[in-house]
Amino acid sequence: MKGITTLGVGEAVDHFLLIKQATKAVTTQGSPFMTLILQDKSGDIEAKLWDTTDEHERLYHPEAIVRVGGEIHHYRGKNQLRIKSIRPMKEEEGIQLSDLVPAAEKPKEVLMEELQQFLFEMQNANIQRLTRHILKKYQTKIMTYPAATKNHHDYVSGLIDHVVSMLKLGKALCELYPTLNRDILYAGIILHDIGKVRELSGAIATSYTVEGNLLGHITIMVTEIDKAAEELQIEGEEVMVLQHLVLSHHGKEEWGSPKKPMIREAEILHYIDNIDAKMNMLNRALKKTPPGEFSERMFPLDNRSFYRPTFDE
Amino acid sequence: MKGITTLGVGEAVDHFLLIKQATKAVTTQGSPFMTLILQDKSGDIEAKLWDTTDEHERLYHPEAIVRVGGEIHHYRGKNQLRIKSIRPMKEEEGIQLSDLVPAAEKPKEVLMEELQQFLFEMQNANIQRLTRHILKKYQTKIMTYPAATKNHHDYVSGLIDHVVSMLKLGKALCELYPTLNRDILYAGIILHDIGKVRELSGAIATSYTVEGNLLGHITIMVTEIDKAAEELQIEGEEVMVLQHLVLSHHGKEEWGSPKKPMIREAEILHYIDNIDAKMNMLNRALKKTPPGEFSERMFPLDNRSFYRPTFDE
Amino acid sequence: MKGITTLGVGEAVDHFLLIKQATKAVTTQGSPFMTLILQDKSGDIEAKLWDTTDEHERLYHPEAIVRVGGEIHHYRGKNQLRIKSIRPMKEEEGIQLSDLVPAAEKPKEVLMEELQQFLFEMQNANIQRLTRHILKKYQTKIMTYPAATKNHHDYVSGLIDHVVSMLKLGKALCELYPTLNRDILYAGIILHDIGKVRELSGAIATSYTVEGNLLGHITIMVTEIDKAAEELQIEGEEVMVLQHLVLSHHGKEEWGSPKKPMIREAEILHYIDNIDAKMNMLNRALKKTPPGEFSERMFPLDNRSFYRPTFDE
Amino acid sequence: MKGITTLGVGEAVDHFLLIKQATKAVTTQGSPFMTLILQDKSGDIEAKLWDTTDEHERLYHPEAIVRVGGEIHHYRGKNQLRIKSIRPMKEEEGIQLSDLVPAAEKPKEVLMEELQQFLFEMQNANIQRLTRHILKKYQTKIMTYPAATKNHHDYVSGLIDHVVSMLKLGKALCELYPTLNRDILYAGIILHDIGKVRELSGAIATSYTVEGNLLGHITIMVTEIDKAAEELQIEGEEVMVLQHLVLSHHGKEEWGSPKKPMIREAEILHYIDNIDAKMNMLNRALKKTPPGEFSERMFPLDNRSFYRPTFDE
Amino acid sequence: MKGITTLGVGEAVDHFLLIKQATKAVTTQGSPFMTLILQDKSGDIEAKLWDTTDEHERLYHPEAIVRVGGEIHHYRGKNQLRIKSIRPMKEEEGIQLSDLVPAAEKPKEVLMEELQQFLFEMQNANIQRLTRHILKKYQTKIMTYPAATKNHHDYVSGLIDHVVSMLKLGKALCELYPTLNRDILYAGIILHDIGKVRELSGAIATSYTVEGNLLGHITIMVTEIDKAAEELQIEGEEVMVLQHLVLSHHGKEEWGSPKKPMIREAEILHYIDNIDAKMNMLNRALKKTPPGEFSERMFPLDNRSFYRPTFDE
Amino acid sequence: MKGITTLGVGEAVDHFLLIKQATKAVTTQGSPFMTLILQDKSGDIEAKLWDTTDEHERLYHPEAIVRVGGEIHHYRGKNQLRIKSIRPMKEEEGIQLSDLVPAAEKPKEVLMEELQQFLFEMQNANIQRLTRHILKKYQTKIMTYPAATKNHHDYVSGLIDHVVSMLKLGKALCELYPTLNRDILYAGIILHDIGKVRELSGAIATSYTVEGNLLGHITIMVTEIDKAAEELQIEGEEVMVLQHLVLSHHGKEEWGSPKKPMIREAEILHYIDNIDAKMNMLNRALKKTPPGEFSERMFPLDNRSFYRPTFDE
């Protein structure tokens, strides 16, 4: 069955979908309706449910799975789903939440195994032990959390997907620039965003926690490294160096790093993070853009629209 | 005896002075000389020592105490000390380093006692215990460190002087705006700069530590609060709230706070810190400025020069 | 009777309300309607009036008082009033405009008396006479105008409320920092915003005057001080000093002050103004925010949302 | 006799010169010397006076006229005057200060006459009377003051030179864009910088007055217009409009205008001011630049260096 | 017949109009409608066409000419056209597209002739030949293209209208500042925006080309000058100088010029361009603004609203 | 023989050195001297030549080779060479300029061969032909020019060294992100900086050309691509795409790119350029920095100082 976001205007819908958001409203004439954001693995689409009742509001809430019949139509430059029928999934239909959310292409276990390989390559015992300790502490969440609530790697297992991709790029850089310290760089890549498992609320319908808002993933991670060092009784300069890599990985004070990178690997970590995030956004947008056309505007890329050359088959 | 910075041009010098900085150089004709920054409690002054030898370099190093004879003269808009005689202090003369460095006006023990009074006013046990714990851990350093290497409160016991002054202002604000939470605000004031005791190298001839450069006093303090909470087994939201106050007290990302203030007392803490630092700089500069004239330019105040009205007796 | 903004969704309305704004429009189907902003002392609420006629447009204009029956409902994250009946107030019902607009908590006469106390404390005759002269000239307006059209102290007598609160803070600062010149600071506080009585259109339904747009309250006040000095034949430097305090109180050129503060009291005036405005905004927003939640975003506070700690009872 | 700045390296000097600045200093070996900035109508040049005595310091002060013998040499990319003999002018030699300061090319009386022509073209009586009144009040100073202490039109009568040049450009613009109001634009041009006669200290050796620093020429002029209107009992909107033109002529808050231009002629006034100032700076720098080379860097032009094409004879 | 934008609310419409834009949509109740932007020489107006069919969509597309009956009404602060009848123009009615689009006031042939006069005044053969060559190559488009898609000179023949107006201003400046090189300045003015004929899609319903987006008119023109020089075998510095004028005419890197002006005429070209564009925008906005009122906000003028004085008849 | 920059303080010098810069000056006592910057392959060092004559000035000019005897001493935190003897190289000594300038580690022929390999991997004939054509046209210069006058790759063959390093990184990225178009990216990397061969004056003692200042290497290269396409009669979109890559490779308007990257490979090109330049600067600075210390400040890296961890052996 084709994913909901891959259907063209006029195509019929008969899909199980997950309610991602549900917002109540009234029309200008005063009749109540709901705006639903419905999703499956292919992404999400908006739909309006007219003349709603209290019963509707009770049934159709975020994280509910529904069966929807209808049709795709076009509204203000975007596809919408025109609902003709809707009902909650019956228990015996057995659809799982995980069947309906976008996720990394590779299984999370494979990603974790790839990540582990990089641990084996580390030579500095302090760095390796610290990194392994923190990985273990949050292993389950690291394997399922997204790397962000939107923009890039914002899907189930997006965090580990991002980290593994960065590690591969880090490895290539270490080969091209042998002065780079592999241990510091790999550990920096692995740790830099793990604070997200406390900054964000979970793998699905992700929002910011209070702690995420007030402290942020950078600060959270710096204190985690401190705590791990104490638990492992590690005292070398490695602790401070890894804290600095995490601290500075946004590259500039304006972007939330209280210190700019001041260690060679910290500078490179910032670039690796940036390249991987941007390639993720660019690929997603350009996949939907035919050759010879411009993509939709992407806010986190300075609101730029990218062109796909005609000869880029 | 008049302090070295209070002497006028032409006045004779016969003072014990502390060498704050000593820089070797050669004249354009190739003869070696040294530039000394010499200080006593009143502040510091520059002096040149001509035709220096290896022996001079051995004797006249930073933190050495010397007896200097000479005269004040004027050079490029500043006073200088023209050295006529110089020798190291003899042991039996018994001058202490502490006799020659500027310090807070009140004794540090008095300042600490004043600070303690604010602890007693706290009602929230978690906040009080956390604050007391950290205060105790670093008590000696808190009582002697400056608040900065230059600009404001950059003298012995400058840190506690700044904190006590801020606490008094905080108390006045709590009386005027009763919605402010006294416990949060007092604790925030006490803790906000304690990270300086690890960021800076000591009470005298202060410079930045490696950790100070790579992590900074804000991050250092946030991890200290975490550690204290663990040691005291405190788990309430107070821990995170105090971490946020420390984290955000510079007010903006560009100024080194990874999060802007998002709690009422955090916003006010930023203002109190600012006012107290600026009053300290303004008072110091305007004390030297006669009515009807402009002060020297102050770099941390956007390089402004301040006017002292003629009628401000 | 409960204020209109304190009613919950579903509660019935039968209130006298003041029309603050009235905007005509047509639905997408072409039928005319009006959007009304209705207010009482507790604040304001939006309402739609459907299928309106010329008669409606004639009756329901800004500053008209109406009696409205209806119900509170929820629309796009905000409460709205669903109008079931509406009619103009009858003369014999005797509701006054002043019964329906938010105002300072203390009566304006009390505020003026508090302000006068600070005049008595002044020692410099020139400063005192100048300040008193201008106060007298605009006394009525100073007692009723808001300090702004929105954001902070934007209610009847908001201007004097703001000034008196600032004076109290100024007094506390003078006690903590005795180098501050009380006369200059008090006069600066009293005068700094009086230009608003020409910049703004009035105490109710306040907008900007042409002169307010083209010259602004800062410039207006500087010329007023000039005029007052001429009328009182005062020639001392005090005139220029007070002009500078008014001129520089926004703190920076980008914020509309053609000169940055260059007098100690000018610098402090800027801080006092800021703290009092921010406390006013914060208190208003956090009063509506339950412990453990974030407030609505506040545009003039860099669009920040503030957190109210769970333990902040 | 050739002007001092037009002599080449190695050429002999025997000139009457005005001391513009005189700074005392000591060499690294402790012998006193003075740095003199000496000028005649062609501009200024630096000179060192070695082994100076108290007598020298008494004789060679700013605004003293001296007779200097010596030679031009080259030092760090600039010409200097090597002094071989120096003595104060004798009274009977009768050199005037005005013989030795750069000035506008046209006599100040001619410039004033040209300016007056524009007054005659004004049709609006209020605008004409206001402008004439202020012109009269400061006529002497307007005819001799520079327009700035450095950068552009920084010579005797530079202010009126600048204004007349702007009026001619204003006239050309009124012809090309007939919607421009001639009265407003001419008056705005004439008045915009007259505040300089109180902001600056005088026609020669010009510095900022206290009032110039604390209020600035823009604010000074706005209050002058107010005062003039009162004296002439003019009440129309013209007063406010002219105040707005003066207020906004720097174009942006960051550049010291508390309001951006909001009247058509105010916007154009800002451009005319800019073009005339820049042409003045460009012409001065490029006159010294041979075809095929770059000029010296000009700080007020974003530190740019301008190229003179080889074919620009 | 009065132009569509000059009719008041309530006035009847019976006009031939050009469809400038046509957007399909559905109401919240699901019935399809179209939003049309309709224009004649006086400007454009919005209209809604309710309950549309496929037939409507086929007939009413951009660049179609229609006859519309209806009435002007007011909606959200703007006039709209309420359509009562609409039909495509019949061939025999013979209305031309050019009858319904705004255009420069003077005929394009007159503008071209005026422009040619400036070519005759040029003395430098290289500059003249280069300019003439490029003018000829794109002559037709230069005579019909707008200078921009919106904001200023955004009408048929707007480009040449802008250039001719700038040339006149350039001439006035050359007379006032005789150091300006007429040849360089005139050629710079003529060439600076010709790249628009490749950056933009055409004279009507103008949008950006792919090349316009990826390279921009500045770069396009610089390569055109290179090509022209090669075709004419011109090798002098004039080529580079003209390229620099085009390159730098936006004045700053942030505004799309890879180099700031570094030639006297380049600096002035930037000012002339700015003044002419702003006068065009100001005149258009203020024509619609009665004396004593503020214009609509203009986004490219920092979103400012301009005041028209009451005495500006 | 040890390179001049690798000698310690006090070590004797007897080296052939190249004069990189020679500046004449006079001491404060009026005796002439010269400041020489002398270099060999290891880098450069400053030296003073006292009491110089016209003969000295004639002999010791930039690009002259000299034999110098003397000693290394320390002056203001930097090493200097104290000259005891100096004479011009005798012809028979046969030292070549190329023996005394720093250069890429690999021979330029090897670098060119490595670069050629990437041409072979290209599949798109248009892109390959265009790139090959331009490479050929400037082959000699590409093999010897530096990539910049200072900061990074500022040595002989620095340009091709930078390009080859970037190509290797580009290849690694194409493997990790298969959506990248290899042809576009490789061609973009090869072409992006070739404009430097016209922007800069040569391989040694490099400065900016007039054309380099007025047009810049970006614009120069865009017109070169245009010309190449015409000569090869290539008309596809590839021409514009490569022009866009060159145009946008500085990433932002503020940094001299008139267009931001709008093609996936353009975005990545900007990152590759940045990483390779920064690794070059970081490696050079950190090679001189012992573990546990901070490097000198690097201006093009926001003036940051980088820390080398103690455990980074």
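Each chain carries a letter (A, B, C, D, E and F) given by its place in the written order, and its residues are counted from 1.
In this text, a contact is a pair of C-beta atoms (placed from the backbone, for glycine too) under 8 Å apart; a residue touches a chain by one contact, two chains touch by 3 or more.
For each chain, UniProt lists the protein as follows: A, B, C, D, E, F = 3'-5' exoribonuclease YhaM.
All of these numbers come straight from a predicted model, not from anything done at the bench.
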{"item": "Chains contacting each of chain A and chain F, listed by label", "value": "B, E"}
{"item": "Third chains touching both chain E and chain D", "value": "C, F"}
{"item": "Chain located farthest away, centre of chain A as origin (C-alpha)", "value": "D"}
{"item": "Computed distance of Cα centres, chain F from chain B, in Å", "value": "44"}
{"item": "Chain E, residues touching no fewer than two other chains", "value": "28, 210, 213-214, 237, 241, 262-263, 294, 307"}
{"item": "Chain-chain contacts as defined at top", "value": "A-B, A-C, A-E, A-F, B-C, B-D, B-F, C-D, C-E, D-E, D-F, E-F"}
{"item": "List of chain E residues in touch with chain C within their complex", "value": "27-28, 33, 48, 50, 73-76, 82, 292, 294, 307"}
{"item": "Interfacial residue positions of chain A with respect to chain F in the complex", "value": "124, 165, 168-169, 172-173, 175-177, 179, 181, 184, 236-238, 241, 260-264, 267-268, 271, 274-275, 278-279, 282-283, 286, 294, 301-302, 304-312"}
{"item": "Chain B to chain A touching residues, read off their complex", "value": "210-211, 213-216, 218-219, 222-223, 226-227, 230, 237, 240-241, 243-244, 247, 253-259, 262-263"}
{"item": "Complex contact set, residues of chain F against chain D", "value": "24-26, 28-30, 210, 213-214"}
